[in-house]
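Okay, structure first, notes after.
Naming follows writing order (A, B and C), and every chain is counted from residue 1.
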Amino acid sequence: MKYTLNDIVKITGGEVVGDGDTVVTGVASLRKATGDDLSFARDEAHLPAARESAAGAFLLPACPDGFDRPAIVVENPFLAMTTFLAVLADAKTAQPPGIHPTAVVGEGTRLGEGVSLGAGVVVGRECAIGDRCTIHPNVTVGDRCRIGEGTVLYAGVVLREEVEMGCRCIVHPNTTIGSDGFGYLQEGGKHEKIPQVGTVEIGDDVEIGAGCAIDRAALDKTVIGSGCKLDNHCHIAHNVEIGENTIMMAYGKISGSVKIGRNVILAGDASTVDNIEIGDGCIIGAGSGIAHSMKPGEVVWGKPARPIGLEKRIVATLGHLPQMRRDLKHLKRELEKDRDHA
Amino acid sequence: MKYTLNDIVKITGGEVVGDGDTVVTGVASLRKATGDDLSFARDEAHLPAARESAAGAFLLPACPDGFDRPAIVVENPFLAMTTFLAVLADAKTAQPPGIHPTAVVGEGTRLGEGVSLGAGVVVGRECAIGDRCTIHPNVTVGDRCRIGEGTVLYAGVVLREEVEMGCRCIVHPNTTIGSDGFGYLQEGGKHEKIPQVGTVEIGDDVEIGAGCAIDRAALDKTVIGSGCKLDNHCHIAHNVEIGENTIMMAYGKISGSVKIGRNVILAGDASTVDNIEIGDGCIIGAGSGIAHSMKPGEVVWGKPARPIGLEKRIVATLGHLPQMRRDLKHLKRELEKDRDHA
Amino acid sequence: MKYTLNDIVKITGGEVVGDGDTVVTGVASLRKATGDDLSFARDEAHLPAARESAAGAFLLPACPDGFDRPAIVVENPFLAMTTFLAVLADAKTAQPPGIHPTAVVGEGTRLGEGVSLGAGVVVGRECAIGDRCTIHPNVTVGDRCRIGEGTVLYAGVVLREEVEMGCRCIVHPNTTIGSDGFGYLQEGGKHEKIPQVGTVEIGDDVEIGAGCAIDRAALDKTVIGSGCKLDNHCHIAHNVEIGENTIMMAYGKISGSVKIGRNVILAGDASTVDNIEIGDGCIIGAGSGIAHSMKPGEVVWGKPARPIGLEKRIVATLGHLPQMRRDLKHLKRELEKDRDHA
């Protein structure tokens, strides 16, 4: 990258202070920036750190007295930085438009305008890929999938047959969508597979991390609502339904037929038993194991999960447990002694 | 799909009640079915739900009085549905037979009859792929692998060199079989790799979920017995041996050289230390950490795992722990007071 | 493989005892070896097991009286075996040199001498791939990546754009390096993506297991120091920095911006909160959840983690917890009774 402050101010808004022809070739945090980097002070409290920083140019909420280095002064420097970063990120991840000669597209598949299919991409039969989708190299899309406009599938992603995906989704490398749910009939110690003929439906603006697995429903649909964000290594079992704008950090593990509401936050490594319901706006602490349905707005932590206040008290008390046992033994002996005296 | 009840009854057995020419184009649960769907009542207790359902046709254990919609009456509707679903699933996942022009097959590799190799598949040298195997797009099979008849490898699966796999196995997308075990010699703070030259042997009728990793043995074989079923994201370290028909739910983590018996059930997220033995028929609760060998038939839960009855009592008591500490302090004070009085 | 003892002694050093023309075609542990296998006794304590073994030839620390089978006597048989195994492993995993006709290499990319690019490999634009790198089939390397000499990427690995990787690294199948970090701005219940334009820098001699995900930094670099070894299914969030020679067993989960020192050992399934620092030489027990920074050399265990001695006492005491509660209730009643009497 190579931008002048005059280029950047057109993207971010705000006002250039100092030399607008100053060139930056990278972006970095205040602490790590060098003279070629643009950096930013999130708010006035970070201005002293900006003074200390070696960055070549800055996005600042205000220009402090005697600050003599080139900057853009803008109301919300973090938002301005994010806006600029989005332009940068698009440039960094841009793929050549069109269909790479080594890509394979099945019969009856419709490709929208401006679609990019990378080298080694395989798209099955009778799919519909929306306008401006970017499908990176070595992705596999099964038969009869439907993908909305502007969705990005990174390398190594696999969509099995009939998966439906909304617009502007992002799926990170080596994630699987539409694998069979885990269902068997026990017959004399053997496990007969229950065929999984449902599918997966993913809303708009969903982002899914690397190495996730989202199973297809047995009969109906596994559903991930619009605006959901899943971190790496998440596991969504068959028939799960997740409401809009729910966030799941790395290693979320949702068992079969669980219903999760909107705007739920699951911290990393949280898991659930199957067939429960988690209400809107619940917050689930890291590593929690949810064994029962949760009412909207509940905040829990622990394995098994408890109301967060109680769990915190338990955790704090556990450090005293060995001493408690010694105290208890001592008390017993004392009480016995007292009685012997009496 | 498009089936009449007369078509379906040939697959499921039973007897058509009502119009056998009724067409269904999907399959759904009673709750979610629409007029184009076939649904089923698992047993007589589900007949009221069948009456309420919008499904266009049914598999029923009996035709209740006044039920006037088309149905197939069959002794075990769930089994009948499963039988029909298997036909459906085969149709949905069917791949074109033969070798896609973009597939690459190494020298000396023998392909059985009716094998399907999808686009972008790479099979190494001197492999043997059994009759009717289906290898989906972008799968990589290393040199000298052997795969039994009728096995299905979904897109993105990687078998490294010399892996042996039985008949009728199913491996879901982006799973790895035959990665190096994790073994190093510590030499002055550095870690010298112990080369892993063993392999992996997988029996018949094994199903392995998406995103799993099964490491090759250091010298010998990592073994997964026939009939085992592994859910998504399982990790099997080097030299592990698992007996027949064992079930491992999502995120099972088995450390090096562990021996697991037959018909063991490991619930989700269970893990073990290395070098232990878990007897036949053991049941291991969700999230358990197994630190010691287990005798056949033991049932444990917890991290570290304890006999399930004890663990349940501990979990139930933990909620009282903060109060117990307060009580204990109070008792101490009271006892001291009594003594001061005495 | 097919080696005589005379061949092997040239690799391992030591001295042949018995027939140097003895041929071995495999390598196995003492317990599992057959007459065609080479095996080894780690030290004198294993000599009785060597006597019992069916192996056809041995690496031994000394030749015991009356041991009449062919052997190589060498000071450190384990090291000798490892040296020989490395030769074997190289032979087993060797790939044809050169660029497979189905591999795709982007414009401006420089390939070193002796590079092997397998079938279906896709390398982006303006990359630099060092001498003697082996890139197995169906790997995807994004634009502007740099990979040092002798590095091996197994099938299905994905490096996104601009990742930098040192020399002699090994990355196992289906691992992702450079996926976006998980960062959003909350705006009225919706989650606006913070673009992740940093990258990942991996040192020399790093080994990364199968199915891992290493996220790129938001702005700067996620760093994995030279000599680090990561097992399968590890997750490294954005902006993490890990020092040299640190070991992370399966399912290590490191949250954003965590700094981990040198020669740290994280046992399996360990996790951290974000923004903490873990000093050099710390040891973290299996399944631990690290919630606070750790000073160099600390040894912890538990979730949340505590000093290992305390955690062990807590774990030991927990088994008594239900009885402690009963004792406590009993004491209370007794004390009340005493007072009633008084």
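Here, a contact is a pair of C-beta atoms (placed from the backbone, for glycine too) under 8 Å apart; a residue touches a chain by one contact, two chains touch by 3 or more.
It should be emphasised that the depicted structure is a prediction, and the values quoted were computed from it without experimental measurement.
When the CA atoms of chain B are superposed on chain C, the rotation angle comes to 120 degrees (nearest 5).
Judged by shared residue numbers over all numbers used at their interface, chain A and chain B contact each other through mostly different positions, with under half in common. In terms of their C-alpha centroids, the spacing between chain A and chain B amounts to 25 Å. Among the residues of chain A, those touching two or more other chains are numbered 102, 120, 138, 156, 174, 211, 233, 251, 303, 318, 321, 324, 328, 331, 335, 338. Contact residues on chain C toward chain A in their complex (touch as defined above): 102, 104, 120, 122, 138, 140, 142-143, 156, 158, 160-162, 174-176, 179-180, 182, 184-185, 189-197, 211-213, 215, 219-220, 233, 235, 237, 251, 253, 255, 271, 273, 289, 303-304, 306, 310, 313-314, 316-318, 320-321, 324, 327-328, 331, 334-335, 338.
Every residue of chain C that touches chain B in the complex is listed here, in rising order: 27-29, 32, 78-79, 82, 85-86, 88-89, 92-93, 100, 102, 118-120, 136-138, 154-156, 170, 172-174, 207, 209-211, 227, 229, 231-233, 245, 247, 249-251, 263, 268-269, 286-287, 303, 315, 318-319, 321-322, 324-325, 328, 331-332, 335, 338-339, 342.
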